[in-house]
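All chains are identified by letter, namely A, B, C, D, E and F, in their written order; residue positions are counted from 1 within each chain.
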Amino acid sequence: MDLTSLVPELLKGFTHFKLGNGVMIFAALVLIYLAVFKEIEPVLLLPIGFGCLLANIPLAGMTAAEGMTKVLYDAGIKTELFPLLIFVGVGAMIDFSPLLAQPRMVLLGAAGQFGIFGTLILAIALGFPLNQAASIGVIGAIDGPTSIFVASKLAPELLAPIAVAAYSYMSLIPIIQPPLMRLMTTKKERMIRMDYAPKPISKKTLIFFPIVLTVVVGLLVPEATPLISMLMLGNLLKMSGVVDRLSKAAENEIINIATLFLGLAIGSTMEADAFLNWNTGKIMILGLFAFSLDTVAGLLFGKFMSFLSGGKINPLIGAAGISAFPMAGRLAAKTANDEDPDNFILMHAMGANTAGQLGSVIAGGILLSVVSKMLGIG
Amino acid sequence: MTDLTLQSLEITALGMGLVFGAIILLWLMMIMLTALTAEKESPADELIPGSTEPDPDPQAGFKAQAAALAVALALAEQGQSSARPLSTPPTALVSAWQLGMRTSQRSQTGSRGRR
Amino acid sequence: MDLTSLVPELLKGFTHFKLGNGVMIFAALVLIYLAVFKEIEPVLLLPIGFGCLLANIPLAGMTAAEGMTKVLYDAGIKTELFPLLIFVGVGAMIDFSPLLAQPRMVLLGAAGQFGIFGTLILAIALGFPLNQAASIGVIGAIDGPTSIFVASKLAPELLAPIAVAAYSYMSLIPIIQPPLMRLMTTKKERMIRMDYAPKPISKKTLIFFPIVLTVVVGLLVPEATPLISMLMLGNLLKMSGVVDRLSKAAENEIINIATLFLGLAIGSTMEADAFLNWNTGKIMILGLFAFSLDTVAGLLFGKFMSFLSGGKINPLIGAAGISAFPMAGRLAAKTANDEDPDNFILMHAMGANTAGQLGSVIAGGILLSVVSKMLGIG
Amino acid sequence: MTDLTLQSLEITALGMGLVFGAIILLWLMMIMLTALTAEKESPADELIPGSTEPDPDPQAGFKAQAAALAVALALAEQGQSSARPLSTPPTALVSAWQLGMRTSQRSQTGSRGRR
Amino acid sequence: MDLTSLVPELLKGFTHFKLGNGVMIFAALVLIYLAVFKEIEPVLLLPIGFGCLLANIPLAGMTAAEGMTKVLYDAGIKTELFPLLIFVGVGAMIDFSPLLAQPRMVLLGAAGQFGIFGTLILAIALGFPLNQAASIGVIGAIDGPTSIFVASKLAPELLAPIAVAAYSYMSLIPIIQPPLMRLMTTKKERMIRMDYAPKPISKKTLIFFPIVLTVVVGLLVPEATPLISMLMLGNLLKMSGVVDRLSKAAENEIINIATLFLGLAIGSTMEADAFLNWNTGKIMILGLFAFSLDTVAGLLFGKFMSFLSGGKINPLIGAAGISAFPMAGRLAAKTANDEDPDNFILMHAMGANTAGQLGSVIAGGILLSVVSKMLGIG
Amino acid sequence: MTDLTLQSLEITALGMGLVFGAIILLWLMMIMLTALTAEKESPADELIPGSTEPDPDPQAGFKAQAAALAVALALAEQGQSSARPLSTPPTALVSAWQLGMRTSQRSQTGSRGRR
């Protein structure tokens, strides 16, 4: 054996290393840094960052035909299994009673979806084809699994930047929303107190709600059925109170394992050649636009509802209608509380926030339906 | 205005129209549902006045409180915590809020957080 | 874009909705109702009901080529992985010491399988072909995973009604059995007390039992090996006491996740076109017959053993030999106790009940073997 | 009588014959197994007189009792429970039965349900 | 139907039973015995033994095209998913601070890999082709997942005997190492005390370590990336302290389920025809040689470092550099302590032991790289 | 000496050389890493003097101790335990070692093992 012929073999890791890999490894380190030291959505950004790191180590073989992250991608992203399983777990953690106690709050969940379509328009204007523009727009659903589900159907090639934008900005909600809240509302509006003496919600209502919602949304927007039904399945497991074993499994094992694998698989698509281009940059900017537009539209609709109600509704809860569950709800309540320490609108904000969760899934399904039809693939 | 831009505006109008349409139908559904499934008799235990803690599993509330207490004890002893669950559900959040009131009312001993 | 052309697109959920879908959604609601409000086998009937709901929402795509429930079906039912994993968990929960303390009780586990073959005869008479008749007969095993395992091998097209019949009637055991018990036994027989001074069972025996049983049954009835071996693996994990981690995983994560997915996947086969026909109705009736015949045969054999023993055996424990573990065992003990508050035959009944579990798996394997041979597919 | 009916009767005779045959072999196997593996010396801890709680893991009994106690406490505090495990294994059932006797004998404190 | 024609069908389990099956079932019983009664690596030897039992019950169909263990093998061994998932869990249980506090200890992790190459030479001499010889050599990594990962790439046909040798001897470490320790060191050497006043390790260091290590090893030895990265992912999940959910899932659900399935799948490859041959016997002997050579080389290097340090290093910690984490570390400390009850070298031994874990993975990757290159498959 | 034997010696020389090379680079990396990431200020809580219990999660230590205590109690009551975790990680081992010293210093009550 000629030892000198081994030199390229020994250095292959370095000789195959491209500048882009370096850039992406730096990006991976930034994601991990945000996750670990800033605690920004760590359960997702840490695995995504680590997956990105692995994808940019040359010849490591993790993303190759039989590599581990490829296996996970094929098993859970291509089949859409992971986002749906995550939704089963999320459903088991959601409580719809604040919304059921004040049903009109559900309208705020519709207003908080303007960002989806506004972003779609802008993405078209920036030259993205319709399928990609719609996938980018769905960042405005401000809900991870919905974004991943729609993007993996319409434009899987953009999955990584869309998922990264969705989760990064979601964790930046406490930085993005408050300035817009203060800009769009007057101090007087923010100080509006809301009575909380809603009609009682029976256990029966809480059990029927996920079932009826699945059927109604399923008939209205078949494309939203996978997402909404898994969210509602999780909720039903929890609310029924008779399948403690299953709801615990949904809230723990199933969501934890799906989250870890989903993060790794998505991160592993961030290989330099595929990820490092202007589109990624544009998507990051469009994502920020989507988040802002959603918030503004939500607040405007909140002001409109406040006006209609004769000033009995605090428009801040409109900002909770964007989804970003449960951070946006908490943040709206906190902003009102900051203005007036005796003002508690948490229950109303959580009602709007769960409505936003529903609205996001429905809007995602509608977008999928309309765009598939136009592209002739529906 | 290009065809594409027109198309995107159409999608927006159609999309937001459908979203509002669907949501309004949901609104009606919720009103009907709450009306139809409201408890006639009102045993205090069954009616949860808009609480975010519906206690379908009556132990859940107990567990949440026990867990919260256990966490509180642990924090008091340790000074700080960096453990962070996956996007804390609102139940936990609001339960913590309610916990303050409840714990002041009851002095429970021997509570323990179980899985 | 012509907006009027969109109307069919918007209403497609409704236009594709057939009467049969409505009927099946009603059936799904009944299953969920039984699970949630009557607590009838909720861990299975709730997911089955929800899966049925999803399968009958038109165009929802859950059961389509790449839909989630299709993915789960292919991963766990077609491969028979889910029923086998459930058996690992069940095995970890079974305790064979009451049976090992009174080995003759094992005979009752054979008597409780007459229902399988009686139902097969009746199904043949009703015009079912042999493979389907045998699959229907195995409802009489009165054990969910066994029924699913055999049916998925012989007649996968009947899996849904068979699984629904098996689990529904299993949960109706407390309604089906007591009248038959009172009909078939005299008050004097029901009042027979049984001494419980069995010989002690060593830990070594409990560890060797699952191993030896696997080998013996494996050699006698190779077709029963997958089921019996997974049941025994779970039992060995538990009894060995040295792999706490694994037995906990079997009893919790593995069985919970497999149960949820199995329920969803089976429910999703209940699409109106495939499910709504006379055969389904016949299967439901044949299933009830299977349960009744098993119970009667078990009681008759109990009376025979009582006679042989000179009246020292309470024939009620024969009804526990049908499997339906552990409800049937509990029920037999309760019936004796109702007749005489000082009569405790629980340990004997549990011995017969675990024997029934073994007998059911063995009978399922024998049925599979004989029928495969006759059909020339063995 | 048709051929099919005859065939089904044959299957039944053969099937039940084989089931009884296999079960009788199991019976013999169990007799031999218990005879061969019976403990010669009889340390009280090792011999479990037909108990349904074989305690291969000595902590299991403790855990089951601790869990049962914790549940009992929780129930007492909450009034009712609708939580229902997957087809409760007989061990749990009989343990509960035995629990009554045991708890009356021992007064244990500090028990805690762990996973 | 002619009943006499059924006799072969009834006895098929026995007529297909070959002497080899009997031998392998006996071997399975020995493995289970060691696991249960001697508590030798029970979480692996019990499932391996049980899988071996199943593979040797004729016609049971578990290892057939659609059988359960075949499904598990294809899903987790062929894809290498199970050993990698196990490494995620192991990583979450490893603590690198003793090593980071005394970085020079890492050299001992290199010395403890001589056994890999020594065994390879011997295997070549015994007539094994290069790919098989290298797979056998990697038993000397003394780390289960590394052995399985390398063997499944280079010589999957030898997976079963290699895995059995790796895990059996690993559990015999307390019997294999002490005589060699006493043989290779003087009493005076064994009594050397080591100060433990290392420099403090910050939380930041512990978080950066797994990340930097992944990148450095990934660039140096791309073939080691899958193993090292999953080990480091688990470690990062734990050390970051922000993803408690995920690190708990890694340490519990993920590793437990992967371990059970891996054991069953590997055991199921131990079918008599494939397993019972001289090669298996040779591999068992070569494996013992690998363990011994590793220990001797580690001790010699420990003596060398002791000499260089002017007698401040206890050479016993060299024996902990072989990997076999964490038994070897504990054993080295115990041996020193036996000689002098006041001598505590546990922290130093654990540093060397974690170094051995890293060295084993790196050596496995290097072996894979060099041998693949030589065989022209790299 | 055959070609094959020569080849295997070559692999050994090359392989062990590379292993040592890689390990030496790791050594340098570790020295640099610890130097670069060492805490300048030294708050006692942040600096863990080579402890095997780095407490990235401050509750971990507490939990480990609580669990250890719970196990100890259980063992005391039951006499023996055959439960055995998957190759006990060294943390647990060393923690147990440190536990002795720590428990003698603090008298903690109400600790409970949680998941």
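The rule we apply is simple: a contact is a pair of C-beta atoms (placed from the backbone, for glycine too) under 8 Å apart; a residue touches a chain by one contact, two chains touch by 3 or more.
Quick caveat, the model's predicted, so the values are computed rather than measured.
Colleague: Rounded to the nearest 5 degrees, what angle rotates chain D onto chain F on CA?
Modeller: The best-fit rotation has an angle of 120 degrees.
Colleague: So chain C and chain E: same face meeting same face, with over half the numbers shared, or different?
Modeller: Chain C vs chain E: different; shared/all numbers falls short of half.
Colleague: If you average the CA atoms of chain B and of chain F, how far apart do the two points sit, in angstrom?
Modeller: Centres of chain B and chain F (C-alpha means) sit 39 Å apart.
Colleague: CA centre of chain B versus CA centre of chain C: separation in Å?
Modeller: Their C-alpha centroids are separated by 37 Å.
Colleague: Two-or-more-chain contact residues of chain A, please, as numbers and ranges.
Modeller: 1, 6, 39, 42-43, 207, 220-221, 240-245, 248, 253, 256, 259, 374
Colleague: Counting only residues that touch at least 2 other chains, which ones in chain D make the list?
Modeller: 7, 14, 18, 56-58, 82-84, 86, 112, 114-115
Colleague: Quick one: in the complex, what on chain C touches chain E?
Modeller: These residues of chain C touch chain E: 79-81, 84, 207, 211, 214-215, 218-223, 225-226, 229-230, 233, 236-237, 240, 242-243, 245-246, 248-250, 253-254, 369, 373-374, 378.
Colleague: In the complex, go through chain E and note every residue touching chain F.
Modeller: Within the complex, chain E contacts chain F at residues 39, 41-43, 93-95, 97-104, 106-107, 109-110, 113-114, 116-118, 120-121, 124-125, 130, 133-134, 196-209, 212-213, 216-217, 220-221, 238-241, 244, 248, 255-256, 259, 325-327, 329-330, 346-347, 350, 353-355, 358-359, 362-363, 366-367, 370-371, 374.
Colleague: Residues of chain F touching chain E in their complex?
Modeller: For this pair, the touching residues of chain F are 4-5, 7-9, 11-12, 14-16, 18-20, 22-27, 29-31, 33-34, 37-39, 42, 46-58, 82, 84, 86-91, 93-94, 97, 115.
Colleague: Quick one: in the complex, what on chain E touches chain C?
Modeller: Answer in residue numbers: 1, 6, 9, 12-14, 17, 25, 29, 32, 35-36, 39, 42-43, 46-47, 50, 53-54, 57-62, 66-68, 71, 252-253, 256-257, 259-260, 264.
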